[in-house]
Amino acid sequence: MIYFQCDYAEGAHPRIMERLMETNMEQSLGYGEDPYSEKARDLIRKACGQPEAMVQFLVGGTQTNATVIDSILRPYQGVLCAASGHINCHETGAIEAGGHKVLALPCGPEGKITAGQIYEAYRSHMDDATAEHMVQPGMVYISNPTENGAIYYKKELEEISHVCAACGLPLFVDGARLGYGLMAPDNDLTLNDLADLCDVFYIGGTKVGALFGEAVVITNPALMKDFRYMIKRHGGMMAKGRLLGLQFLVLFEDGLYWEISRHAIRLAMRLREGFRECGLKYYADVNTNQQFPIIPDAWLETLSKKYAFSEWGKMDETHTIVRFCTSWATEAESVEAVIEDIRKLSDK
Amino acid sequence: MIYFQCDYAEGAHPRIMERLMETNMEQSLGYGEDPYSEKARDLIRKACGQPEAMVQFLVGGTQTNATVIDSILRPYQGVLCAASGHINCHETGAIEAGGHKVLALPCGPEGKITAGQIYEAYRSHMDDATAEHMVQPGMVYISNPTENGAIYYKKELEEISHVCAACGLPLFVDGARLGYGLMAPDNDLTLNDLADLCDVFYIGGTKVGALFGEAVVITNPALMKDFRYMIKRHGGMMAKGRLLGLQFLVLFEDGLYWEISRHAIRLAMRLREGFRECGLKYYADVNTNQQFPIIPDAWLETLSKKYAFSEWGKMDETHTIVRFCTSWATEAESVEAVIEDIRKLSDK
Amino acid sequence: MIYFQCDYAEGAHPRIMERLMETNMEQSLGYGEDPYSEKARDLIRKACGQPEAMVQFLVGGTQTNATVIDSILRPYQGVLCAASGHINCHETGAIEAGGHKVLALPCGPEGKITAGQIYEAYRSHMDDATAEHMVQPGMVYISNPTENGAIYYKKELEEISHVCAACGLPLFVDGARLGYGLMAPDNDLTLNDLADLCDVFYIGGTKVGALFGEAVVITNPALMKDFRYMIKRHGGMMAKGRLLGLQFLVLFEDGLYWEISRHAIRLAMRLREGFRECGLKYYADVNTNQQFPIIPDAWLETLSKKYAFSEWGKMDETHTIVRFCTSWATEAESVEAVIEDIRKLSDK
Amino acid sequence: MIYFQCDYAEGAHPRIMERLMETNMEQSLGYGEDPYSEKARDLIRKACGQPEAMVQFLVGGTQTNATVIDSILRPYQGVLCAASGHINCHETGAIEAGGHKVLALPCGPEGKITAGQIYEAYRSHMDDATAEHMVQPGMVYISNPTENGAIYYKKELEEISHVCAACGLPLFVDGARLGYGLMAPDNDLTLNDLADLCDVFYIGGTKVGALFGEAVVITNPALMKDFRYMIKRHGGMMAKGRLLGLQFLVLFEDGLYWEISRHAIRLAMRLREGFRECGLKYYADVNTNQQFPIIPDAWLETLSKKYAFSEWGKMDETHTIVRFCTSWATEAESVEAVIEDIRKLSDK
């Protein structure tokens, strides 16, 4: 079975595993106050061009989203996001568990929202005579890349950032797959740009080569106060915190994070072109490590015997949207193999 | 100024005020454990044909919705409702304050949802391989009449009730304006039907002649346990609880509730016909005490000098949806006056 | 049966009822934005000597406590209070419903806490190397008078206020029975003092002559923002808000609030002296409208035939602490009657 | 520096690290639905003698406590626990974040509570005429060993279990250091006994040789429903869930969990005896891997130069309670070294 099902099917990149082994018997303070975590924080601050940023490590994405959002909003405030946003769809109410409404904005297959939508949501709330009877927009959440693999271009993010600042809405970017977005062929955003344009974001490790772990970067000083209390309260403060720091140290000391991301994108683009040459169309036309081709239902059984992939939804009566992911661990041969099999099925 | 702005502009029906005066110096136990509350409970149980129902009195609608919903759902469950439902729009996140997601279903101007929508939402959740990553539908909330004045017909409610039972979803009916719905000319539902078809509902007092108060009727025994703890926790247990009991006693001992409702509906129907004869169209074509005519923006200023009414939203570039409400306190002369003024404006 | 059981057994003071009757058919905007509420706010601001204070009306005490506390604390913060504080004992977790821990401090029968206790709780938290693993003290709650009838003297409140300011802890005073405290014979605190010394407090109506209602006075500007969103979210925004405003208008326009409070205190002091002359001892030695004599268990049955009062707890094997309350509605004859009966029982 | 500061200073037991390396490139389903997790579940069920138990893996202790407790309690219920319980002291309000009050019972230095205390708390609540004004006891939480290193003897646990069953209170045992408790020289409880006597417990991994991870064992079928939804909602569902399963597989396939626990206890008992021979007294007289000797303040500086340990609190003006922990990684030489240094300091 060849896995394209997700980008977290294996363990960690071998260089991470090696370092975990090497340091296993070292003793250190817990809860992220160890030297490895400190070094990793420094590297991330440098990589972002944000020498004053607060960097904290959490274990997983849902936990991170819930912690960040709960730390920013007042009780009566909600978070604006795309209807297909992870916090709206796939976190079993973790945001509502903190008492907050997810204010979902309509979006297309790409899963993006616009500055205009944000402004309109804010304005219509504030203009309403009965504003205090409604949940107040209190921040904005976007994912880059989105849950459907699309990226925000620099101009789009600048516009969003500008509107957020004008409305007093902190902007939070979920970067669970950030590396894959920044390495997308059409991406024009740097990590520095991103850090400049939002108030808080996270650099995903779980889906980009780490065993687990997400690095939250808070650039807005107003959002830093007591953030570690929030981590602990949300059950996200890891006892052996250096496990997180060490992994991000390995990812960022020699550019491994970007190397992993580039590898996955190169194979994703090959897969994308190969499928396209076979005549496949795509649900969302995206250039990151998640690809969403539309295939005839009749192929599902055959393909499933050899490949693991996700069924994302029905496109029409006879076609299914599927998801193929690449990652640091995907091999070129696997991609060629599936392209070849698709070619046979499509008879091209 | 003549008020059509809402159905809670005055105090209480005079018969309620009289009884409050008469009994003012009586002493009683607090928290709804007084004889008046007991009598009112009995009257309501009889009116509903539900001798075993639990009846509890709360102060207002948002409080009641939050308390009932919080008492039914498990933490990871959400409540299915129309996108225009009060709990989704106008309660400042009171449901989310209890940790619960409002699972909004699309609806038309009438603000109704169907049995089919409920079933589909339930089924698609349960069929999903990643169900546990999503909020689980845990109950259904409908308003009758809806926030936009529409009523559920008996057949519709039967279908909803049937689907709810089949899916194990308790059905909760928000009856903030219940009397007006049951007195609508095209209504074919009795209070007994309603009580039979849902698990819990409330009979609104605030908008139907009381100073304040909502009577929650729980017919499903599984939902009764410790409900009073939930009232207290939600800040809804009134110290002088007999104030609530006494009002419902007056409303139900001689049919005052129905008398008030009939009066308001008779005037609403007169207003509706009068406006229609002047050529006005309606946003939602409904037969209850809230009427939503569409008027040219140019009329707004003139009308506002003499009448208080709500602007509900823009219909198009040059027209506005407005809301006119009738209540127990509306006088026939007021209705005739506004019809006459509309006639002049419409030049018919 | 003569009631001493609580201070909310009757309806409202007759002057309040009259005014409710007189204005019953007037029409007004809802949610506290009516002229009566505005006037009441002004009167209260004047009475407090706080021309810039925000005044908002809520329905009951638990609701008020939960709303105020939830509006002040950050999620990981808790509220310091006496172990016998209402929020710790008798609100069915309404504070925890907002996600906040009640940080209970030990107290004696009077139910008071000291500046020293507050400082120590704060300091020990902040000094702890693992502070972020613990709930952070975020505000202080005291009741004046306390749940056990004791009052804070000016010097005590000044000290508490000073410590709170030094530690950055907003001070919230629950004044459910505030009038009775300010009229206590040994009280040396004015309403102006109180308003100066805390950040937010409320003037209780329910237990001091109103049908219901509590007037929240926010003197600290930092705590005013969006407070009405919090009221709505907590289900405390009354549709017919003028009912609240009107009652406080009556209470404060001619000093009725103080008149009521003085009356109750005068009778409470008479009862206190009378019982003492019969040899009774007190659980807490307090000068407000709640009196806690200790009586032999053998008297309970006899007394209960004629008088309603509360059993507060066991003092020892053969004695019970009971509570007798006076209010605006208590009559001098009732007090003399019970003193006489106690005299007979005590054989003095 | 020799570490006795905590039992989670290093990484994982080498056998765990080896297995993580060996399997690193294997591909598997996420979220704990992989074969390793299944095998680990089977092993744990066998080890507990509970073939029908549900076993789920979470990442850390605070997360586990919050998830289990939130899944059991109704909103108005609280959890009874020792005042020194981890959930009451060191989880930054994670339980309150779910809306629940921690109902703390007084306890001695050992941190244990009794069946009698539980029964009395339950009874006094249920007997109270105003029960619904108070948080209802809804379950019991104990730690074994406790936060202060004490264990529950079989008879004590049987009594607690019996009272819990009689009162309808599920019993939850926090076993963050369970292995160390079961290996204590005076322990008379088996893992089977424990599993029989409670409704849910967890087997701690983080502090007993794993990199991280806690295995929740639910033996009461009523508590199993939708538990995985609760894990996800609380941010505790690890993407690469097999990391958890694999670690517990290694811990339980050949008895490594017991081997590690025995090792730590053996060294703790040696340390305990060694210190005692030097004349040291103990804060709590306990036989598990945490030891709490009382030392003169004057020794702190000297000892701290060579050893890392925790200061637990002041015993008196001149003495400090300190904590020394042993673990799988502690070496016999380290224990002998510190005993020798204490001997020198104590001049014995």
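As written, the chains take the letters A, B, C and D, and residue 1 is the first residue of each chain.
One rule holds for everything that comes next: contacts are C-beta pairs under 8 Å (C-beta built on N, C-alpha and C of every residue); 3 or more make two chains touch, one makes a residue touch a chain.
Remember, predicted model here, so these are calculated numbers, not experimental data.
Judged by contacting C-beta pairs, the busier of the interfaces A-B and A-D is A-D. Between the CA-based centres of subunit A and subunit D the separation comes to 34 Å, rounded to the whole angstrom. Subunit A and subunit B, compared by their mean Cα positions, are separated by 42 Å. Residue numbers of subunit D whose C-beta contacts span two or more other chains: 75-76, 91-93, 97-99, 132-133, 136, 229, 232-233, 237.
In terms of inter-chain touching, the protein chains here all touch one another pairwise. The part of subunit C that touches subunit A in the complex is made up of residues 70-71, 74-76, 98-99, 132-133, 136, 226, 228-230, 232-233, 237. Of all residues in subunit D, those touching subunit C in their complex are 75-76, 78, 89-93, 96-97, 99-102, 130, 132-136. Against subunit D, the residues of subunit A that register as touching in their complex are 1, 3, 5-6, 8-12, 14, 17, 20-21, 23-30, 59-64, 66-67, 91-94, 97-98, 206-207, 211-212, 229, 232-240, 243, 308, 329.
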